[in-house]
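Below are two complexes that have chain A in common, paired first with chain B and then with chain C.
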Partner chain A sequence: MRNGFLFFIGLFAALTLSWAGVALWPNWQLGLLKPFYDQNDEKAYPQRTPGIAAEGRMVYDDLGCAACHTQQVRRPDLGSDKARGWGDRQSVARDYIYDTHVELGAIRVGPDLANLGARKPAYDRDDLYKLLYAGVGAMPSYKFLFEQRVISSNRQPADDAITLYGPLAPPPGTEIVPTHRARRLVEYLLSLSQSYEYPEATPVEPAAQGKEGEKK
Partner chain B sequence: MSDEPLDPRVEQPGASDDSLVSAHEETLHHKSGGDAHYKMLPLVLLFVFSGLIFFGGTYLNRFAGHYHPEIFNEYAQPTNAAAAPVKVDPVVLGKKSFEQVCITCHQATGLGVPGVYPPLAGSEWVLGTPDRVIRIVLYGLKGPVTVKGNTFGAAAMPVIGKVTGSGYNWSDERIAAVLTYVRQEWGNKASPITPEQVAAIHEKEGDRKEWSAEELEKIQ
Partner chain C sequence: MTAAPSHASQADVSEIDAVARWPLVLLLASALVWLLITGTLALVQYVQLLFPGFLAECPALSYGRVDMLLQSTLVYGWIANAGFAVGLWILSRLAGAPLRSLNWAVAGWFFWNLTVSIGLICVLFGEGTSVPWMHFPRFLYPAMVVAFGAISVPGVLAWTGRTQRPVFAAQGYAVAALFLFVWLFSAAQVMLFWAPARGVVQAVIGEWFVQGAWSLWVAPLALAAAYYLVPKITGRVLSGYNFASLGFWTLVVVGPWTGGRHLAGGPVPAWIPSVAIVAAVLLAFHYIVVALNLHGAFSRGSTALKFVAYGVAAYLLGGFVDAATALRDIAQATQLTWFTQAQGQLALLGAFSMTIFGAIYFLVPRLTNKPWPSTPLIRAHFAAAFIGTTGIVLAFAVAGFVQGHDLANASVSFADIAAHTHVWIEIAAASQAVLLVGNALLALHFASLLVIRPAATAASLLRPAPAMEASAI
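Presenting the complex of A and B:
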């Protein structure tokens, strides 16, 4: 082929420049993001995941929760995320700066979990244990995260045994107790919070959008 | 010399002069399929692609969010809000600080505990000159003190400021914030206290022991 070398250089340059613009430069740019220090709270946000929750993240990976649950909230004027109570603001890059890998997810079979720990009304551990044990709708039941134990007189009943009624209730004299994996997973889920208002996460006023739109 | 028959191709040329000339002529005017020769690019395509590039550039310029890592809305403008230090609201910081430390003795109502901890609401020490109340919080207060006609002597006000022997080491800003909060809460209506006022007194007094009420009363 004549000019084969030139052709190769052109192809290489086109692909390299695209990759640099789409992947390399944004990676560098977002890598420069720092935690946001709030002087009123005297804390830096985002806050790091506590150790037990960091272990729960591994369970989250392991069970493949990200196949059905996203962890990214869209901004209030784009979709119904705010109306569903998933978050009052959109997720921003700074929310994820401490995550070694981000559980963004792609398909929302179940609800978004990015702000689960800051939902109102708040979930408590028993709610989440019950959801995991029983499953709901498309969500399968994760009974293997729990063990059925005999309540014996020589052992204290577990304080986090889940209270179940109806057909799911364990036989009398036994209790359903979450295993370590379930405890860690639930701690992780409750640690998920994107409620801090970063300056860049503040929704743009609809008035400003309209003004900009009129100029077009 | 040789009896071998010659290769007939040697003797018989493959083409005659005439046939070569005619073949060349045919090639020179050849049109395979009739349209294999180069044509100019239609001029209209030049305009179409220029228009597309112009549209793309304008669109990116308007909606790419200035390629800024902190812009997530195509209508947003880059601001220096993140670069500028966040303004501390003294009432917010003061309320939080009060609820962390002061509330233990002086109570959420600001009324203290009768006979043990003096009240802050309506107290002449709180509402009076800033010079005294700043000194009390910075360095603490020991010994009997009369507030609103009642004498309190059972408990000492601890050292809060960033001075030797302090258990709290609060910054001057934080002391100013908590004093501003205390002077404007529970119906108190006194002037706010600036960090500069606290810093000035801190610098003037340096390190010292707790105040007594008599010493403070000499300060106007």
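Presenting the complex of A and C:
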């Protein structure tokens, strides 16, 4: 460290080495990962996110949903993800190749959302609107994603007005309608699906093959 | 082993400090403002965890956005400004010459805080990105790189123009922090925002960036302060100082490889977490060296030394916990829970902030040539910071174990998990309130020091510290 120039070269080399190993190498390994073409379905998986859902991802980002929700299902022998119905298989790298911005998340204050659109029983739009409007458990309500409108006498209630009962019900003659942001967010959430069985995602029996099945 | 001290470094309040006075006071003052903002936001967030309805009507302060604001103000507000001030001061002291080109630092200070403020407003109004430690819209990042570089200019010049041949460990850590973060930040923003990598590679790069920011920027600044202050305050040579350079290079070379441990079990190739786990265990060598060098921090001394001792203890404990929780069996219980929050707070509030508080109490009287107006206020701050930081870390650690235990059992609903962790979040919120009060005391104390005209200058009150940095590195 006595030689200042060598010192800077050493620092720079250490950083470059970690960059090459931790950032470039995975990029080389996964950056060219291709979709999987299924001969029977005559479709390639994963499927691209529809436009409105891609807009919804931006709502998901700017509200910071990832502060509580992960989008990564773990393999059946690691935690209770499968038992909770979050997904039948683990998430694999191929699931995310079309995501403009990956939201794996770091903490599970709420449930995992990676496979929300393919849950059984399935969520429909009205369920998700209600969850967002009313909040549940530790999840706050997002009332600002909705607007209360007067139903004028010469008009039918809106198709996507949410059905609310009890204390949450709006005053008579009004309805609660999702804003465009809420619609986009819900379309995004329903587009989240990791149900296609890629060869590398087949759950491996832990007893039979040990840790072999972790990843390709 | 002990370097022959120059006259410049012997005088305890000297011209070296007079030149740097106002630029560094500016950095410290803005750091303290950010510290209070981030503390308030943390309190808001914990209250929102307890009462989900709190501020839920206000889109700008919904939970997820508060989370982004909180992290950004903590890292780019408090840590950046305070780290610059302490790093530059240490570099000028150890170079034995006044800082040069300080107008670069002042301009950098202005643009750094301006861009951070713009970024926060963008997050408030829904332009946040949800990328950990990179929540601002991408157009701000190049400006932040330039501003960071500008503030670092006096530090790098102090290094290249140093009048003393030997290089001290504190100097090495401070220069590394100022030099490396710019490159790390640039590489990460290109691969995340300007030419985004595909799919989960983004998550891998995100972990590399956050870990690198800790190992190559935040932790080195805290270590620079600790390596400078411990011998200065205790008046004893650091033990085992010959190993300090090995400890330094272990951190710089191995540290950034440990980020991927958070991805164990996730949708990435298994070698990424595996390499990170090996690196996390290898890094134990660095922590052993730091413990060997800095155990003098735990001897009797001023309140400033107590802050540093807390910081060093938190740093060592954090390193041990990082290595332990990287192991897969333990990771299963702690991953994706509040335990990771406890680790983060132990590092940022425990190791970094406490050490830097110690440095602030040590350097401000020398920098401004005014003594601290009140010793009881310093003790009160230490008590509040001790209770607050310890409380937050312990509460989240226990909450994490409870949450991890419950998550593993599919029959426990999320409402039940929230109920089980409720009391621990309450303790964390109370501790955060105590910490915030303590930090407010520091801010008030600092403001009154600047305003009050003292009866005696610090120079007449301070005992000259022994110049005994050794030069083994």
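To be clear about the criterion, the second predicted complex is superposed on the first by the 193 of 216 C-alpha atoms of A that agree within 3 Å, B and C clash if a C-alpha of one lies under 4 Å from a C-alpha of the other, contacts with A are read in each partner's own complex, and residues count from 1 in each chain.
Note that a residue touches a chain if its C-beta (ideal position, glycine included) is under 8 Å from a C-beta of that chain, and two chains touch if they have at least 3 such contacts.
Treat the numbers as computed from the prediction; the structure is a model and nothing was measured.
Student: Tell me which partner A:Arg84 touches in the superposition: chain B (first), chain C (second), both or neither.
Tutor: second
Student: Using the touch definition from the top, say if A:Arg108 reaches chain B (first), chain C (second), both or neither.
Tutor: A:Arg108 contacts chain C only, not chain B.
Student: Considering only the touch criterion stated at the top, classify A:Leu33 as touching first (chain B), second (chain C), both, or neither.
Tutor: both
Student: Taking the superposition as given, does A:Val92 touch the first partner, chain B, the second, chain C, both, or neither?
Tutor: both
Student: Determine, for the superposed model, which of the two partners chain B and chain C contacts more residues of chain A.
Tutor: C
Student: After the superposition on A, what does A:Arg75 contact: first (chain B), second (chain C), both or neither?
Tutor: Touch status of A:Arg75: both partners.
Student: On the A-aligned overlay, A:Val22 touches which partner chain: chain B = first, chain C = second, or both, or neither?
Tutor: The second partner, chain C, only.
Student: Classify the contacts of A:Ala138 with the two partner chains as first (chain B alone), second (chain C alone), both, or neither.
Tutor: Only chain C; A:Ala138 stays clear of chain B.
Student: Shared contact residues on chain A for chain B and chain C?
Tutor: On chain A, the overlap between the chain B and chain C contacts is residues 26, 29-30, 33, 75, 90, 92-94, 216.
Student: Inside the complex, what are the residues of chain C that reach chain A?
Tutor: Checking each residue of chain C against chain A gives 48-49, 52-54, 56-59, 62-68, 126-132, 159-160, 165-167, 172, 175-176, 179-180, 183-184, 187-188, 191, 196-205, 208, 212, 216, 245, 248-249, 252-253, 256-257, 259-260, 262-263, 265-270, 272, 275, 332, 336-338, 340-341, 403, 407-410, 413-415, 418, 473.
Student: Given the complex with chain A, which residues does chain B contribute to the contact?
Tutor: Going by the criterion above, the answer is residues 62, 69-73, 75-76, 79, 81-82, 85-86, 88-89, 92-93, 96.
Student: Under the stated contact criterion, what part of chain A meets chain C in this complex?
Tutor: The touching residues are 1-2, 4, 7-8, 10-12, 14-15, 17-19, 21-23, 26-27, 29-31, 33, 60-68, 70, 72, 74-75, 78-80, 83-84, 90-111, 135-144, 211, 214-216.
Student: Considering the complex alone, what residue numbers of chain A touch chain B?
Tutor: 26, 29-30, 32-33, 36, 38-41, 75, 90, 92-94, 199-201, 203-204, 208-209, 212-213, 216
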